[in-house]
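The structure appears below as structure tokens.
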Amino acid sequence: MIQIFQLYVFILAGFVGFIIIQRVPPLLHTPLMSATNAISGISLVGAIVAAGGQYGKISTILGFVAVVCAATNVTAGFLITDRMLAMFKGQAKKAEPAKPEPAK
Amino acid sequence: MIQIFQLYVFILAGFVGFIIIQRVPPLLHTPLMSATNAISGISLVGAIVAAGGQYGKISTILGFVAVVCAATNVTAGFLITDRMLAMFKGQAKKAEPAKPEPAK
Amino acid sequence: MRIAVPRERAPRESRVALVPESVAKLVKSGATVAVETDAGLAAGFPDAQYASAGATIIPDTNALLTGADLICQVQPPSAAQAAQLPDGCALVSYWQPGGTPEALTALAGRNVRMLALERVPRITRAQSMDVLSSQATVSGYKAVLLGASALPKMLPMLTTAAGTLAPAKVFIIGAGVAGLQAIATARRLGAVVSAFDVRPAAMEQIQSLGATALKLELGGGAEGTGGYAKEQGEAQARLTQEGIAKHIAGVDLVVTTAAIPGRRAPILITEAAVRGMKTGSVIVDLAAETGGNCEFTKAGETVDVNGVQVIGPLGLPSTAAFHASQMLSRNILTFVTHITKETALNIDAADEITGAMLVQP
Amino acid sequence: MRIAVPRERAPRESRVALVPESVAKLVKSGATVAVETDAGLAAGFPDAQYASAGATIIPDTNALLTGADLICQVQPPSAAQAAQLPDGCALVSYWQPGGTPEALTALAGRNVRMLALERVPRITRAQSMDVLSSQATVSGYKAVLLGASALPKMLPMLTTAAGTLAPAKVFIIGAGVAGLQAIATARRLGAVVSAFDVRPAAMEQIQSLGATALKLELGGGAEGTGGYAKEQGEAQARLTQEGIAKHIAGVDLVVTTAAIPGRRAPILITEAAVRGMKTGSVIVDLAAETGGNCEFTKAGETVDVNGVQVIGPLGLPSTAAFHASQMLSRNILTFVTHITKETALNIDAADEITGAMLVQP
Amino acid sequence: MNELGTRDLIIQASYLAASVLFVLGLRSLTRPAQARLGMQQAALGMLFAVIGTLLNANILTYQWIIIGLVVGAIIGYPMAMKVQMTQMPQFIAFSHAFGAIAATLVGVVEYRVRAAGSGAEGLTHGLAAALGLEVLFGALTVTGSFMAFGKLHELITGRPITFKGQNAVNLTMMAVAFGALGMLIYNPANGAAFYTVLGLAFLLGISMVLPIGGGDMPVVISLLNSYAGLAASATGFAIGNNVLIIAGALEGAGGFILSLMMSKAMNRSFGNIIFGAFGAPPAASTGAKGEAKEPKSITPEDAAVQLAYAGSVVIVPGYGMAVAQAQHVCRELMELIEKKGGEVKYAIHPVAGRMPGHLNVILSEAGIDYGALLTDVDDANRVLATADVAIIIGANDIVNPDAEDDKSSPLYGMPIFRPWTAKVVFVIKRGKGTGFSGVENPLFTKDNTLMLYGDAKGV
Amino acid sequence: MNELGTRDLIIQASYLAASVLFVLGLRSLTRPAQARLGMQQAALGMLFAVIGTLLNANILTYQWIIIGLVVGAIIGYPMAMKVQMTQMPQFIAFSHAFGAIAATLVGVVEYRVRAAGSGAEGLTHGLAAALGLEVLFGALTVTGSFMAFGKLHELITGRPITFKGQNAVNLTMMAVAFGALGMLIYNPANGAAFYTVLGLAFLLGISMVLPIGGGDMPVVISLLNSYAGLAASATGFAIGNNVLIIAGALEGAGGFILSLMMSKAMNRSFGNIIFGAFGAPPAASTGAKGEAKEPKSITPEDAAVQLAYAGSVVIVPGYGMAVAQAQHVCRELMELIEKKGGEVKYAIHPVAGRMPGHLNVILSEAGIDYGALLTDVDDANRVLATADVAIIIGANDIVNPDAEDDKSSPLYGMPIFRPWTAKVVFVIKRGKGTGFSGVENPLFTKDNTLMLYGDAKGV
């Protein structure tokens, strides 16, 4: 049963990703790329399990390397994204994307 | 564990519903209302289980009524939706919603 | 019913009362139309077109008028012409300006019912017979062309390798039919346009053409009945003059169109105001016919005051005789249709429109 | 350096070579400027403005010219004026039309270097000195106003209670500077505009102003050097004439601007073409000065051919003397700056621009 | 990995397929051109779900199920096919009530079965919570939907029914219901608590809808949709069925957001509709048929969508367009429509505006081609008669039918445009002002006329 | 109902929170104004996920984990803070490679552990499939990302590297990799198959990116993002972790659709970029720095969004605008910008167009106020120097810096506009045509200049 549920979760999450990303304006494509990269650092979770599991020396070493790499990815990913988005900050006040039919 | 997964499924599906419905143009609000109504006929699934389970007479009767009601809902719901949407058919060729920035 | 269209004889008049298109419609509705030779020539409608519209071309005036039930012309009849008309006929033409008491007596003598075009009431139903509106349209347009031609400047802004030319400033006084058309024309040519009118409703109308409305603090509205303006009080008038004087000191071209029905046009631009203008400025006074809105205006002449030209044009519609005739003819056609009943003339003095137009001696 | 600006004496010339604004700039750059009394009056620049710009106003022509290093004027010098000039000075003005061999001899006699404004080469750098362009701008604009005033129609389409007036059809021949400006002006007034030019590049330029380009099948391009047109071959010319004749039969107003530098203007509208036009149509021939594009054109006159008016205007820029002078003056100012080096005149015959403008006897 | 039996695999696969088809179907509604196909997919999804369920090993007898399905189809089919388009909203409500009955009944059966211990598993706290929520939302939806149907079908008055202390009563009922729910969860075997929840939910459904006006019913129906969705989800949790959870969650979230969007489109706050329905009834709105002959209004967004699907559009500009200097905006509109393959013409009335040729000037300023103008009244009326949409921008007198119909009108005798011969008419003006002549315009209350109030620049 | 321990509950709650935060964070990217806050939420989500994991009962030693986290942070921080904005794309690729290494290593560890039987469960077929896919996608991403980084950072030539039979080689490798994967699933204990998959995936990563030009790298990076997401999801399946599944699925779907959108925005087909990268290198694109001094191009959508956030905009129209008759479109653009609070000015050059005052005519046709015009070259240059965006519409010679810099240019000495002093410059023209004077314009290759090819009507 668990696998079935996992499949549901996977498919639904894929849907969510699909629909959301489709609506990201081109201006934010680069930050988005960076953001998905940051989130892909989620392998850190796997890495932690591997590194902390004490499955033997090699596994621990590999796990350790994995933790380092994943942590690097997470740190760099989120920071880069944040820096990029900070550039929009000053303009953020003007807010709200373009509407096709202005109602002035 | 199962409940956790169910919760995930519920939350993710809710997200999907939320995001999708938000983008439905006002023109289609009425068909949409009808469509969600049709889908709410999904209780048919529960009704079938209840009616077929042979949990005793009362349960079976209640289940039977439930099946009738749900089947009515499903049939009417989908047919009404279809009729409404058929009205857009003639215009469907012209397709595609407005783009804010024309690129001719 | 026999309709006669004589050739206009007044100087500066190039219009014709009915153009071939209207003639054809009248003929189709059962009337007989006789047109004097070369009646439409000056307006750009040669006899051949009338002939093919179904009219008879008659060179002799007497022959033309004989047996006519209705005579359509532009200018009012002279006493001499009036005496010539067939007994009991009807005449559709302008009566003012130009109609004389003698002519009226002569008309009465021949039992001719005179229907004055300029008296069409300004009600919604009669809009398509309203010659004042249709001819004022031409005047407003032509006045700006006249002014723009006389002006030593170009109206539009132009950025060129030889510097940027500032757009000319044009000021229109009186935002009636002519005034609004003048605003539109000056705007088309790229000028920066402002305008003034005493009627409060005119403000919005001025802005609806993209011009700025000059606001003078005067107090009290000035809209009379039928869309006409009523006369201003003494104090108001002075305030208006002063406000205008101040404004036109910076203006290149002024077109005035202010009129009050049945009276001398109000003086809006004083001597001092003209002297306060820049050399090379131009004033076109469309009210010249009724005395002018400017103290210097001489009807039919151009006066140079210290380098400011004051032009008092007469008969502007005739300078665009083709289109002016076309509209006039449409107005007359609609009116003729209004006063005909089954191909016969039916002049009903009790009718709201016809009654208002009948000139009683 | 002393610069003198005489009053123009030619008939129909109301422009002035330098306007107060330019004078002020020259004075600021270290030159002395003397202006003859009333030199700018006709263009709308009174002496007072010159005085406050730093010029000396001199009533006497002789006194004005004495000691002048550079004389700026619009019209070419007559032989008499040439003989009056101070020895060794330089003169900036138009040379053609109007410059005579006698005057040239007289200039040579006084050692005067004549710099002809109309010879500014058409290179990008010299655009701001290009008087042909700046004055043609005025001509193109005024030509349409002239035509529109003469036309018995209104240019724009108007839907009124008295019927819908069709917009007038305007046709521009020659899409050079004047022609393009004419297109723009007619379009502004609401006319339906078409245009024709032999240069293929002009097609796109015509369309860039929202007009339609008339396409005639002729074969072979016609762009010479410097943006000027070259003369057409015999057969091509005939085809052009025929194509134009066919097109203008349905046109209300024609403005012709076609010119080939240094030659008589090509005849593009033949007698037959004019006779094929509607009564009331108007032709404004801007090439009148160099012979006209229409066979009937008489420079400075209006000819009536069967109800078609052929207008051959002369000196159009002078009719908008204020703006025309302003641009001319800017052109001259730029050129004067080009030929001055540290407040002294420095006429370098080897310079691409100056060299081209020097009139050699 | 605990491998599943083939049958289970098929069941799960069809559930998965159903879920995906539901999502895709709803998604298709964001694009009108694909909506119909999408909903047919959703129907297919429903079929998968049913088939999957029928394969369920727990089902011992098919007899009643088959009969039930057939009977349901027999009731549903004519209901759906006969109802008129204008009655759609109430029949959605009606059909909806049926679905809710089913959900409620399932909840009751399940509770009975589990409480009796005859089911596969006993009653846990979680299960009790799920079932309690199921009947709460289910029952509320049943009576609420019937009420909405009644109001729309005018069995009950469409006007809000209010009485003093209504809010207090509602709040008390709600509190009690939640209290009972709490008790149920605390002690799953507490049957009294379960039925209290059920009963109160029925009452709540009625009392919630009572004070809401007929015009606001579509918002209510949407909200009830949302509740029904939550009920379905709860069922899913209770019987461990993903399809139910997913479809329910889709509906729950979708219905809720839809009701928000609808109330926004009606320019009313959601809270206002649901709770504050006291005082004056709403003036007019989409589904309302109550008030006689008030002009119908519409929002720019709705108009924009309708325009996007119009093939031929005639714009009738008047003085108001000049006042608003809306010519450029109007041109943009034209370009948008033309890009979609529609055709736009402008009908210029001889006396539109305040001077001869006023609108010619204005439109030529916007660079609109002479070719797009209809300047002859008869021509224009011919084109209007076949147009999909007529847009009246700041015009009034020139489209006043009184000029033809009412001899006493000052406009009588003036030739006018007949925009009402087009399929739909939009009128854009600032408010209920009259034109130059100062007379009222009966056009604005015609059935196919929709008012779009605002400055003429506002589309 | 199998109740969970408190610790498990906390873990699951933090995972759930992390999942929701990820979704919300990504969603915030659809609204530029909230994007930053949203991504900070996502970072918080990551924190939750890590904390949740650290609570995992299976973790016996924290020492290496802590050290690893600290080391990672120490490496990542300067990397992120020092990199220049223009180098973003390559550093995203670089950082991405690290994530992929982690995923791959986890896969290897997990396989080793499970194969050795020392883990909680043994190797099922499903687990083998999950782990196989994990290392396949993971390893592919590692080398692919490094390649992309190298190309963008110009360690490797940005030009596509192709050789004959490349496709055949790639396809063969792919086939073998999938074959090995199949064997692995069939026999989970087949370590050789597992490592074959791993090795081939490394090779595939290289060979896939080799033939793709530097300009197309952003598309590739996105696609690799997608693969990394799938790897993460596979990990999630393998170790039964929802957060991994959700984050991975979000990324997998998102990255894929993003790469599709990007290739569409570059007007190239996706397939073309990924498979057909033979022949000529792509002209130019957003992140590419490869080709020396090729003008950078941009899509109308990107330009539109950048404009939406510009405070002051100067439009420099030239002859091309007249040719395209784009004045009305230009006015719309102006209105859009002004509605957002931006200010628009038009800089009219003395010799813009083909006749004196050409652009005055054109702009007055569109009803643009004289007040919005800058007609003095010096004034205009002052305004340009402080402008956020300069838009050159169909102008060329009048903005050619050669007129100031290059004595030999025919334009030398003409006063010109200096749009490059504005923060960003958009140039809208049909192609690489020259202006009236026929000379090249070095403006177009300046660093802050972005070309928008197309008819001038196209924004």
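To keep things simple, chains are lettered A, B, C, D, E and F as they appear, and every chain counts its residues starting from 1.
We adopt the following convention: a contact is a pair of C-beta atoms (placed from the backbone, for glycine too) under 8 Å apart; a residue touches a chain by one contact, two chains touch by 3 or more.
These numbers come from a predicted model, not from an experiment.
Visitor: Could you tell me the least number of steps, going only between chains that touch, from subunit A to subunit D?
Guide: Minimum number of steps from subunit A to subunit D: 2.
Visitor: Farthest chain from subunit B, going by the mean of C-alpha atoms per chain?
Guide: D
Visitor: Under the over-half criterion for shared residue numbers, do copies subunit C and subunit D use the same patch or different patches to meet?
Guide: The interface of subunit C with subunit D is built from mostly shared positions.
Visitor: Decide which interface, B-E or C-E, involves more C-beta pairs in contact, and give its chain pair.
Guide: Between the two chain pairs, B-E has more contacting C-beta pairs.
Visitor: Suppose each chain is reduced to the average of its Cα coordinates; what separation in Å results between subunit A and subunit E?
Guide: So the centre of subunit A lies 37 Å away from the centre of subunit E.
Visitor: Averaged over CA atoms, how far is the centre of subunit D from the centre of subunit F? Could you give it in whole Å?
Guide: 57
Visitor: Roughly how far is subunit D from subunit E, centre to centre by C-alpha average, rounded to an integer in Å?
Guide: The computed centroid separation for subunit D versus subunit E comes out at 69 Å.
Visitor: Mind pulling the residue numbers of subunit A that touch at least two other chains?
Guide: Residues 1-3, 5-6, 8-9, 11-13, 15-16, 19-20, 23, 98, 100-102, 104 of subunit A each touch two or more of the other chains.
Visitor: Provide the list of subunit E residues touching at least two other chains, using ranges where the numbers run on.
Guide: 1, 19, 23, 27, 126, 242, 246, 301, 304, 325, 335-336, 350-351, 356-357, 361, 364-365, 367
Visitor: Quick one: which residues in subunit C touch 2 or more of the other chains?
Guide: Expected reply: 127-128, 133-134, 137, 156, 158, 160-163, 165, 188, 190, 210.
Visitor: Every touching chain pair, please?
Guide: In this structure, the chains touch in these pairs: A-B, A-E, A-F, B-E, B-F, C-D, C-E, C-F, D-E, D-F, E-F.
Visitor: Touching subunit C in the complex: which residues of subunit D?
Guide: Listed in rising order, the residues are 14, 41, 43-44, 46, 127-128, 130, 133-134, 137-138, 141-142, 145-146, 148-149, 151-154, 156, 158, 160-163, 165, 185, 188-190, 278-280, 307, 319-323, 326-328, 330-331.
Visitor: In their shared complex, at which residues does subunit E touch subunit F?
Guide: So the residues of subunit E touching subunit F come out as 1, 124-127, 325, 327-328, 331-332, 335, 365-367.
Visitor: Could you please specify the touching residues of subunit D with respect to subunit F in the complex?
Guide: Within the complex, subunit D contacts subunit F at residues 123-125, 127-128, 133-134, 137, 177, 180-181, 184, 187-188, 204-205, 207-210.
Visitor: Once bound in the complex, which stretches of subunit B touch subunit A?
Guide: Touching subunit A from subunit B are residues 1-2, 5-6, 8-9, 12-13, 15-16, 19-20, 23, 98-101.
Visitor: Along subunit F, where are the residues that touch subunit A in the complex?
Guide: My answer: residues 19, 22-23, 25-27, 29-36, 39-40, 42-43, 46, 49-50, 52-54, 56, 58-62, 64-65, 67-73, 75-77, 79-81, 83, 85, 88-89, 91-92, 94-96, 98-103, 105-106, 108-110, 112-113, 116, 118-119, 126, 138, 218, 221-222, 225, 228-229, 231-233, 235-237, 239-255, 257-258, 261-262, 265, 286-287, 299, 301-302, 304-306, 308-311, 335-336, 339-342.
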